[in-house]
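The same chain A turns up in both complexes below, where it pairs with chain B and then with chain C.
And now, the complex of A and B:
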């Protein structure tokens, strides 16, 4: 019983996904009388979105419930270890993933019918992909790691290509699929080498074997460990979309339906950071690999600086708001990587990254949601020009957009401010002054392009005769925005409670 | 190390070579079908390495189990990948990756 309870967040979302798939297949299509359709899901995006959101909220609530009960007090959970490690770290991330997934599902409930994408399989795919993401955050074994990563990615590939008649969607899906599978194959080779070098597939065993290098009687080859570390880092850097492994990101986000882009920006990135932290700290936590002089911290520091700087510089030059948000998500991966580097010295950095990703999830989902709200069928808001004058035409949408942009820019009193504050503070506490200063400078540069959106929202009028984006009405999108705004303000004004929870989620490096 | 030890390096060498061929094929060729095949080559190189390492470890069959999972995942990946390539081909009439350039700012 306790085992079932401990696994309940995963089971709820997984079983829910299957039930939703059945509901989609066996329901009655909801189309106008006289219209012939063979698709049982036709016209039912609304009810399926509601179902998906409810299932994901149940998953989030169960994550909290298991947290409160305490995974340490459930000894049965060792039966599934090391394949699934249910600890507070896992539960914090599965909460974040469920929240991100639920927001994406709600956005899709408004977006898909509005833009005539009558494909209800979006929702089961979203849920199955979320199960993969949750399992990824719990993976304590290379086997689970790989299977979970692919479960998550395969769902996302299909979500991107959902708009089948659109060449841009097909192209986005193609690019992401090819590069994603390539990166996964590279990482898999690293995992195989790691198994060959250490004889273990569980991360704890690998960590112990890595620590034994150099001691008498150890046959573990340091060279193989280093090569596999590089290969695994490349694969995961691709998934978190860190520069220079980021080229797919703007294309995939632009071609994908906006709710799918939201899901990629929030859930895929958070899950990839979770597994990155666990692999590096548990598997490669040895001092000789996790110090400022050698191993993964200097490599990740370079990726962090590149991601922040390049993404911020390029984001300012974008004409499309969706592409700007894509580059912004790359920059945020850079900020979070600063926290991952700091995690080599302080466990608090792990909590800071976990908190940062929760703040980032709600802010990004909100920003994409506000962008969805600013457009309607045939007139999707894409460019800055489309947003001109929305502040007058639809004050609520503009207000919500501004709040989430404030949070992304890291201004108080929003979630993003505390997220950045804690990440940079742990970096300074760990003696990484240069990284922290570069991060701060980049936050200032980043504020430029977030504020530029607000200039268009409030200070520009659409050019006479130009096609203007008409804002849509949707209870689903409005609900998602309100929920995200509550999170952003709650985390921004009273971060203490969540931060206490996050600090319980710390993994210990050594 | 078992008696298999001195042969192991040969298997790993072959696996690395096949993996390298797949890698180069993915990067050099512009036909997306060939790129998909190159990825499959890389995955199968990993399978060879996994099975060889499994033999070396002796006890248990973790590596073989891992290889089975990789095979299953690769099959799922091909199913999704071919569907995406088919959708692309229907819209663009070609499987040349260089045609995929409408997404530029």
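And now, the complex of A and C:
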């Protein structure tokens, strides 16, 4: 019983996905008379979105419940270890993933019917992909890690390609699929090498084997460990879309239906960061590998600086808001990587990254949601010009958009401010002054393109005769925006509670 | 060189040549046959690792079913099906440079690896290793969680493939669907419900 309770967040989302598929298959299509359909879910995106959101909220609530009960007080959970490691770190991330997934599902409930993408498969795919993401954040074994990674990725590849008939969506899906499979193959090569070098598939065993390098009688070779570390880092850097493994990101986000892009930006990234932290700290947590002189911290620091700088410079030159948000997500991966580098010295940095990703999840989901709200069928808001004058025509949408952009830019009193503060403070505490200063400078550069959106929202008028975006009306999108706004303000004004939870989520690696 | 070494060498050469043929063949059937060679070569390596069950499954499932499915699809499309470009494209010089570069790098890495590291000594396989019983014990015992998780992987793959492959299912039709079947069969309405719809249609 305790085992079932401990696994309940995963089971709720997984079983919920299957129930939703059944409900979709045996339901009656809700279409106008005279419309022929073979799709039982046609016209029911709203109900399915509600169902998916409820399932994911249940998953989030159960994560909190298991947290409160204390995973350490459930000894049965060791039965599933090391394949699934249910600790506070996992539960924090599964909460974040469920919240991000629920927001994306609600956005899809408004977006898909509005834009005529009447594909009810969206919701089971979203839920199953979330199961993969949650298992990825819990993976303490290479087998689970790879299966979970592929479960998450396959769902996302298909979510992107759902808009049939759009060459841009096909290009986005194909590009992400091919590059993603290539990255997964590189990572699998690294994992196989890791097994060959250490003889272990569980991360704890790998960590112990890595620590034994150099001690008499150890047959573990440092060369193989280093090569496998590089290969695994490449695979995970692709998933978090860090520069220079980011080229697919803008195209994939632009071609994907916006709720799918939201899901990619929040859930895939958070899960990839969770597994990155666990692999580095548990598998490669050896003092020699996790030091500034050698090993992964300098490599990750280079990735972090490149991601922040390149993404911020390119984002400022975009004409499409969706592409700008894609580059913004790359820049945020850079900020979070600063925290990952700091995690080599302080366990507090792990909590900082966890908190940062929660703040990033609600802010980014909100920003994409506000962009969805600003457009409607045939007049989707894509470029900055589309947003001109929305502040006058639809003040609520513009206000919500501004709040989430403030949070992304890291201005108080929003969630993004405390996320950045926490990450950069742990970086400074760990003595990484250069990284922290570069991160601060980049935050200022980033504010430029976030504020540019607001300039268009409030201070520009659409050129006469130019096509203007018409805002849509949807209870689902509005609900998602309100929920995200509550999170953003709550994390920004009263972060203490969540910060405490995040500091409980620190990985006890060494 | 031991007989086992020769066996490994043959399997490795078959697998690598097959892989090269898979990605370089212009004729898709040859590509599929290259894939078949790779699969058979890898199955041979499994046998040498005393994973007989895995080797048999590899031959039955991949060589027997998956490649046959590929060949079916290729034959349905026509064995002469080519890519959209068909010929040389501008910018293809990058391919000529990138592929050998990556190959040389990988080969260099492999040689370096062989020089700097001694192979990890694994324990000798216990008796019964690689049999159906041993694999079943692992799948339903030690590795139950990843096994159960792979069900989610398979479902997501199936649903995703259907979602991508299916074209739009909902399209406006010329006439109401509910009328069609009875009318075609009986030349008219035999049920009040159908009669109503037919009347509606006539009225329209």
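FYI, the second predicted complex is superposed on the first by the 509 of 510 C-alpha atoms of A that agree within 3 Å, B and C clash if a C-alpha of one lies under 4 Å from a C-alpha of the other, contacts with A are read in each partner's own complex, and residues count from 1 in each chain.
The definition used in the following text is that a contact is a pair of C-beta atoms (placed from the backbone, for glycine too) under 8 Å apart; a residue touches a chain by one contact, two chains touch by 3 or more.
The structure presented is a predicted model; accordingly, all values stated were derived computationally and were not measured.
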item	value
Touching partner for A:173 - first (chain B), second (chain C), both, neither	both
First, second, both or neither for A:185, with chain B first and chain C second	first
Touching partner for A:199 - first (chain B), second (chain C), both, neither	both
Which superposed partner A:150 touches (first chain B, second chain C, both, neither)	both
Which of chain B and chain C A:254 touches, first, second, both or neither	first
Which superposed partner A:161 touches (first chain B, second chain C, both, neither)	both
Partner chain in contact with A:124 - chain B first, chain C second, else both or neither	second
Chain B versus chain C as contact partner of A:323, first or second or both or neither	first
Touch count on chain A, higher of chain B and chain C	C
Contacts of A:361 with chain B and chain C, given as first, second, both or neither	neither
Interface residues of chain A shared between complexes with chain B and chain C	143, 147, 150, 154, 157-158, 161, 164-165, 173, 196, 199, 219
Partner chain B, residues of chain A touching it in the complex	142-143, 146-147, 150, 154, 157-158, 161, 164-168, 170-175, 177-178, 181-182, 185-186, 188-189, 191-193, 195-196, 199, 201, 219, 250-251, 254-255, 318-320, 323
Contacting residues of chain B [partner chain A, same complex]	1, 12, 15, 19, 22-23, 26, 32, 35-36, 39, 42-43, 45-46, 49-50, 52-53, 56-57, 62-63, 65-66, 69-70, 73, 76-77, 80-81, 83-85, 87-88, 91-92, 97, 100, 102-103, 105
Interface residues, chain C side, partner chain A - complex	109, 112-113, 116-122, 143-146, 149-150, 152-153, 155-157, 159-164, 167-173, 175-177
Complex interface listing, chain A residues touching chain C	14, 17-18, 21, 29, 31, 33-39, 42-43, 80, 83-84, 118-119, 121-122, 124-125, 128-129, 131-132, 135, 141, 143-144, 147-148, 150-151, 154-155, 157-158, 161-162, 164-165, 173, 196-199, 219-221, 223-224, 227
